[in-house]
């Protein structure tokens, strides 16, 4: 069995499998060992990237957005800043506050990291290079995200602190609210690809789903930004309102784990967006040279990550009532309409033999125009109401001003 | 291979634990949690019978999903009722909730 | 004992013990977290039963939604986060006896039926095919279209009912605040 | 199918261990000099007043409630979406009807003001 350069990842797996079987191990045990090794490599590489490289990248790019230099002391370009941070956090005293529920308090940060690492099991990096090609991949992502919600509520409750609990409740209310448009909009790629498996979704994207369903992509992106708790939705840690949110009592490496989970998560949504809407590893030449597919995937993911950072350093934080209104009165109805319209129009287009891409583009354009029109009408009505309320007020003030003078 | 009876014994265990919770817990929310346990035992039974019966016939899974929907509705309405009673009577102990009894 | 059986026993043990903890743990929040572990164990069993869709649904619905709802309700219905007083009512001993007898009878009946112990898993169709079949079955006029649409009506009724029950409390809250 | 899940079963514990390792390292390396003030609840330098319990708004529960219902709705629709390519138009319309019925619920919640953050 030679090494097939057109299928390097499959070949490596085969080589390892045959090697272990030749050592006299039974087949099931070999697949378990391979899974453990693969999972270890995956978790190690991604967590190190997130913990060391992404934090450096984010600080550096953030600094450039704000016309600063950013970290530049430790190593070339400050590249080892993340390692220095990690060492610092490790050496900090780890305080468990009095009255805390010790077990729950300690398990919460572990669950937070696990929920993000678990997401990578279904991300296809390149042809043949995927942890687990589950045929329920899309829902698996949602399910593992739910574990993250649980870790927030555990952290907030076990800290025995008003602000932590209040912060946790707000965070959970926000996370679950934004899960609705996200889940609904995930129906669109599922429908277009006819499968929930991530590999099938990538294979189905002869035309990127971003072009077929731009509105769905927009809703998914906004709601996953909120899921991560990134600006403009970082109410999770609104210092001015709830001190520091659910992880206020955490210190040392336990806090570090929450931080790593957050950074890692925003990188992960870049990867998920890439897989679901940007064609994953697909690109010119990636079919013949899978290595190229990996390059495409990483490039697209970092591009999306850059956009997340761009948004973070550009927009101010929204208020929680605005945020809930955005979710329940804008994103959720929009997601419902997108799902229904896509389902009906795609079926009609197929039965009438219309070309798929233009039809979907036209549909999405119409949806955008309709939404904008509705919003404009609503804003007009609101303005009229505000003016109507102001009119008598202005008269009173004028009358009052005239009164004493006359 | 795992015999079907193992699943059934486990599901029966979950069901009876839930039943004990319903009969013995004082807190209404705890009773609701026990009911969720019992419903889960039912779902486990349905799925096990589906798998060992005729997996090509999908009806077992359909039943299970419908039970999920029922469980969610039941939890939502039940907890809303408990919250409402708590507001009026400041109690969540099931034996104190006796407005309909006289 | 095969590897599958070992995995089953492990999952079953976790599920069983955490289920017991749900009903005996004195702190309600702990009971809620034990419930989450029980539900996760059952999700693992669904994976073993080769029903991956139901396994993820179990996690999404039960752990991601119902457990959160229950934990919210626990937090809303307590003056303090620490419990005090008895958690079990006066009938608990009788309840224990009844349920133990019931369990013994159930296990006895299951073990009596030899076909249950002998039943083995038939070869299953490709799981993605099953999933598409499930989707088709739900909207097929000859199969489950009625339960499907009735489920949506049930959910609508639950939504309206629960909001209706919970809303007056919000109004009351406002009044309290104004006073 | 099950062999795919082995990877998930391996990855999740590995994720836990990877998170636990630095924490344990911190426990071993970090200084440990607890005192009452350090361990007290963090609250802007003021002594903690009362219990951790605060009167939470029922609104939190209402959001969770609407979330549960719509989560179930999405779950029902996923098999429908997977089978989408094999469905006829009327079957797709049945799914749309399902969504519309629940959209009525959203409308009700909206009209009742259950979506407002008070």
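Letters A, B, C and D name the chains as they come in the text, with residue numbers starting at 1 for each one.
To be clear about the criterion, a contact is a pair of C-beta atoms (placed from the backbone, for glycine too) under 8 Å apart; a residue touches a chain by one contact, two chains touch by 3 or more.
Predicted model, so just to flag it, every value in this text is computed and none were measured.
Shared contacts of chain A and chain B, meaning chains that touch the two of them, come down to C, D.
Among the pairs C-D and B-C, the greater number of C-beta contacts is found at B-C. Of all the chains shown, the one with its CA centroid nearest the global CA centroid is D. Centre-to-centre separation between chain C and chain D, using Cα means, comes to 16 Å. Work out the mean CA point of chain B and of chain C, and you get 6 Å between them.
Chain B and chain D have Cα centroids lying 21 Å from one another. Chain D has its Cα centroid 14 Å from the Cα centroid of chain A.
In chain B, the residues that touch at least two other chains are 65, 68-69, 72-73, 75-76, 79-80, 83. Residue positions of chain C touching 2 or more other chains, listed in rising order: 48, 50, 52-53, 57, 60-61, 64-66, 68-69, 72-73, 75-76, 81, 127-128, 131-134, 138, 151, 155, 158-159, 162-163, 166, 169. Counting partner chains per residue, chain A shows two or more touched chains at residues 134-135, 139-140, 160, 165, 169, 172, 176, 179, 194-196.
Listed by chain label, the pairs that touch are A-C, A-D, B-C, B-D, C-D.
Here chain C touches chain B in the complex through residues 2, 4-5, 8, 12, 15-16, 19-20, 22-23, 28, 31-32, 35, 38-39, 42, 45-46, 48-51, 53-54, 57-58, 61-62, 65-66, 69-70, 73-74, 76-77, 86-89, 91-92, 94-96, 98-100, 102-103, 106-107, 110-111, 113, 116-122, 124-125, 130, 133-134, 137-138, 144, 147, 151, 154-155, 157-159, 161-163, 165-166, 168-169, 172, going by the rule given at the top. The part of chain B that touches chain D in the complex is made up of residues 65, 68-69, 72-73, 75-76, 79-80, 83. Those residues of chain D lying in contact with chain A across their complex are 1, 3-12, 14-16, 18-20, 22-23, 25-27, 29-34, 36, 38-44, 48, 52, 54, 56, 59-60, 63-64, 66-67, 70-71, 74-75, 77-78, 81-85, 87, 89, 92-93, 95-96, 99-100, 103, 106, 109-110, 115-117.
Those residues of chain C whose C-beta lies close enough to touch chain A in the complex are 3, 29-30, 33, 36, 52-53, 55-57, 59-60, 63-65, 67-68, 71-72, 75, 81, 127-128, 131-132. Within the complex formed with chain B, the residues of chain D that make contact are 58, 61, 65, 68-69, 71-72, 75-76.
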